[in-house]
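Next up: the structures, one after another.
You will see subunit A twice below: alongside subunit B first, and alongside subunit C after that.
Take a look at the complex of A and B:
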């Protein structure tokens, strides 16, 4: 704010009397007009729903009675936050993001390192790795739901045939197993994104750096820690930030696989919000859950950006 | 502003308009882009229970209607089934151009209360085929405020599907009551062979199956017009019979159903039956086509749903139908279309092709329904005092919130995280409060 004062004073000095102090140059106008469609688009499709959602979170907006919508203060937030479901939904959301992220990063990194090297059939191999990312999350959920089915699922069949289990496991009938199952499906889906991003970063590392490191006597492990990792770190940090936001906002797989079942043990914030709309028909409470998600992500982003100075990254 | 600037502004506006208009088109298939025609009227119609076959059938019927009514064209919108009702609600809320819509029993009250749909009484009063509707179809049409808000196009009524080969092998009779069903299901269960007696529904809207058990146990004391309550005003969940029903329900799950059926939805329960994992299934008639396709003739059959200890069995017969928007600019033409689709001949044809129970009385004489897999449906319809059609309290404000937690509660109960007593107490308190707060 302090930096604005001198500018205003300077403008006052140079602008002739009788003319407005705020003027836009021809170039400025042209740039503004070029940006106008994007501004309109973002305003209509991003900011309007956001503002509308925030307003609805303070209203008794239920489909049952659209003729009687009123502001009800913080009631929706109180109802959501004091609901007996809330602690479990919050913990599930944490597990969902944490385990998905850690394993997607780990496997994505390993795959990227493998794909960096040239070998026969690398193209086909890459296509297989990237394939899940091209599929719809809901479809992936449906596929994994059948794969985890105790009666007809391929996973139980494989485990039985390899002798690892004696009787089928009812993966989706037990809360802990069901949560593990949806996370496994999500890991499978998200590995490709990390692999793509890390591979792009790895391919941008100049060979000279490795040559120089080798000349200085660095072995392969040291090269990894001293050259590879620092070079790709900015990409990794931005990718992690993006993935945390996306994973928390990604209900598709859980919605298709379990829809929060059994007994609500696989609900995360995003599926809980959908449940409030589809079954509860309560847009007010659903919007309150949406606002809570936005607040959590904003706090996380601010903390993360401050802690990692991630805004300086992004070499991709 | 110079020439270049004007060109630039014009381009920006065109792009922005194109972008906005393009993005606001409904995400659905549409035959015609124009809402009105220079030579007549173009009606906008939206269906809810969409499937490629059903949409193709509707289009055929609409083509016939257009041929008979040269001045009217119909523009059919067919949103994907998942979320179609939300899409229709959004269209109504935004007052999007729409004349005819598919209304379902669970949103009829919501649509009428919000003034979205038209009272069809002035039209049905003059319609000679109205009396051709079966009693159940008439009840579906008029159950909101005793007013016809839509004309049903097919009924979704459940029957018992069973494996005749397994029954024969085990020497088991077809169950007529819930008790017999449990005995048969237990006898047919053999986890070592991956065989279970019953295709249990514990997943989405599984609470409905718990309720049909509770209703059957409570019998004729249940209020058919609002079946979460008894005729004496208490809630359904406050009676000792409901407790017995829930204990029975858990036994059926634990002793005769696959363990993971606690999360089974429609697809899994049908798959369990047709793939040879389960011996019995209670479902709507739309399972018949799939079972015919995947199972050998003679290995399965249908029977009326089991009766409770009370000697009766209740269910909510689903009956979606064609309604009209209250803000339609072409109401006469819209009614003409509804009248055409609801004509006994057209409506029976539609029911046959969509594997639903017809809404007109004359269909009971049709060979297609008198014999074979559909026969038990007709048999049940002809015994209305034994197989009762009841209504859920979807006209209560708390219906939505209850639905949101009911599945979770049932699953908690089946997984021993909640006792039957606590579950019923929770629901009893909820609905007692709802009744007290009702306007």
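Take a look at the complex of A and C:
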């Protein structure tokens, strides 16, 4: 960092030439020691299992057959890709990411625009509206599972009362409805995240830009297209990319709401894999699913970065 | 012109109200359910306000399970893990913010990558590691893994906080004879307290909420955390919605309080990294 320069220059003046290398190495040691715990923990408990997992995906590794661990090439991948579940899981993952993202973004954007100008009680309003973001996916899944209950669920009741349906729907017993239901729960959860990010970006737009635009005769709508949108675009693009990755890797809501039921029809890659680890005990195949997720995400990220030219947005 | 303005304002108020309703209705509903008796929960037509408010569900979860133990376990795990995370990520974040050194980019990249790849590729190997270390079914396993999971994100956030604090402060302290480390703790940390608190609370809530690793590592009664216990409930008794909603409300309360308390800091702290770019 540039902010460091003054000190370095100072030490240069004060410390005689011979001792300079000692000074630097002392600083080096400080840097090393401070970063050591973080690097150590992350290497041992994140990167090591990760690499092991990738290796496992090329091995015959089932808990019933631990004596017979060996490399079997791409067999796990072939088995996963040709299994009858695969097309459904892949489609579900796509729907899950696509619809969650589109509606989270749309609603989040609307909410941020509406919250931008101060109004009375905005602080409290924000606390309530953003709260879903702080809840656990597991509890969200449970709550929505109860609301979507076929017989005593409040959603059926509301739909019946408003006349939108004539008979209660067994939302979670039918694959298509169940998929829609878990996505709705996820939208509920994720709107806040987009709203938070976009609101912060909106608030960082300098007021002068609008003044200048107004002087040039731009109306409200033109200001939106010419000033607001371009200004927050980088944030939006980074947020969208992060969210795609994150939503695809987010099993909690589905796990709690349906856990893949009925009959595996609501599994996405993430829940499918967890199912394989916890119940299937075929670590080789489970890891292969994990590797497939990573490959998909990598291809998507490369494509996305190329298409949108986000090179460097935020740093998290 | 004036009327248009009024229309715009009314429209805005209506949409904002709809968003609010959408956001809080599920919470409202689970609270209402938790206050209804068993019979009322499973009777039609559905009541939007309990006919008879009762705390029986809350009593029940303490009777049919050791819910107080699960709360304590969740609390202990979250507290220890977030304290460790804050300490480790403070040191790391400080160094990343203040120095430039070889390997810095790689370290940052290594942290960022962990945010992109699904943690559960390493699930099976991680399970085996924990088993070899003999810490399956112990709270320690969760403290450890939560710390690890949160380090990268929190380190990056912390480094953002440090960058906002002028270097001159610790320079002055060091001129007065402080070592860098004591300058950090005596001068910088006190200024950064709000940021540190936000990071701590963020980490705490994440630990409190985590499910998958907990379900993987824990299945013995005395060490269950709240999500593990609730997950076991579902499997065992199908779902007893009265007790379940009471348990949900109880386990949301701490999050809710923490969030209400420092929501502004959290939002500011966590967004500033992304907006910078």
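The rule is short, and it goes like this: the second predicted complex is superposed on the first by the 277 of 316 C-alpha atoms of A that agree within 3 Å, B and C clash if a C-alpha of one lies under 4 Å from a C-alpha of the other, contacts with A are read in each partner's own complex, and residues count from 1 in each chain.
Going forward, contacts are C-beta pairs under 8 Å (C-beta built on N, C-alpha and C of every residue); 3 or more make two chains touch, one makes a residue touch a chain.
Note that this is a predicted model, so its numbers are computed, not measured.
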For the three-chain model obtained by superposing on subunit A, do subunit B and subunit C clash or fit? clash
Once chain A of both complexes is superposed, is A:45 in touch with subunit B (first), subunit C (second), both, or neither? both
Quick check for you: in the superposed arrangement, does A:29 touch first (subunit B), second (subunit C), both or neither? first
Dominant toucher of subunit A (residue count), subunit B or subunit C: C
Which holds for A:283: it touches subunit B only (first), subunit C only (second), both, or neither? second
Given the touch rule stated above, what does A:37 touch, subunit B (first), subunit C (second), both, or neither? both
For A:152, using the defined touch cut-off, is the partner it touches subunit B, subunit C, both, or neither? Pick first, second, both or neither. both
Could you tell me if A:243 is touching subunit B, subunit C, both of them or neither one (first, second, both, neither)? neither
Touch check for A:173: first (subunit B), second (subunit C), both, or neither? first
Per the contact definition in the header, classify A:88: touching subunit B only (first), subunit C only (second), both, or neither. neither
Between 128-136, 182-190 or 200-208, work out which stretch of subunit C sticks into subunit B after superposition. 128-136
Subunit B and subunit C footprints on subunit A meet at residues 30, 33-34, 37, 41, 45, 149, 151-152, 277-278
Any idea which subunit A residues touch subunit B in the complex? 29-30, 33-34, 36-37, 40-41, 44-45, 62-67, 85, 149-152, 167-168, 170-175, 178, 258-264, 275-282
Taking the touch rule as given, give the residues of subunit C at its contact with subunit A in the complex, in rising order. 12, 15-16, 19-20, 22-24, 26-27, 29-30, 33, 41-46, 88-89, 91-92, 94-101, 107-108, 110-112, 114-127, 129, 144-145, 147-149, 151-153, 155-157, 160, 163, 166-167, 171, 174, 180-181, 205, 208-212, 215-216, 227, 230-231, 234, 239, 241, 244-245, 248, 251-252, 255-256, 258-260, 263-264, 267-268, 270-277
Touch list for subunit A against partner subunit C, complex: 1, 3-4, 6-7, 27-28, 30-31, 33-35, 37-39, 41-42, 45-50, 52-54, 56, 61, 107, 110-111, 114-115, 123, 125-132, 134-140, 142-147, 149, 151-152, 154, 157, 188, 191-192, 196-197, 200-201, 204, 234-235, 238-239, 242, 245, 248-249, 251-252, 255-256, 270, 273-274, 277-278, 283, 286-287, 290-291, 293-294, 297, 301, 312-316
Quick one: which bits of subunit B touch subunit A in the complex? Just the residue numbers, please. 5, 8-9, 12, 15-16, 19-20, 23, 86, 89, 93, 110, 113-115, 191, 194, 202-204, 258-263, 268, 271-272, 275, 277, 397, 399-401, 403-404, 407-408, 411-412, 415, 417
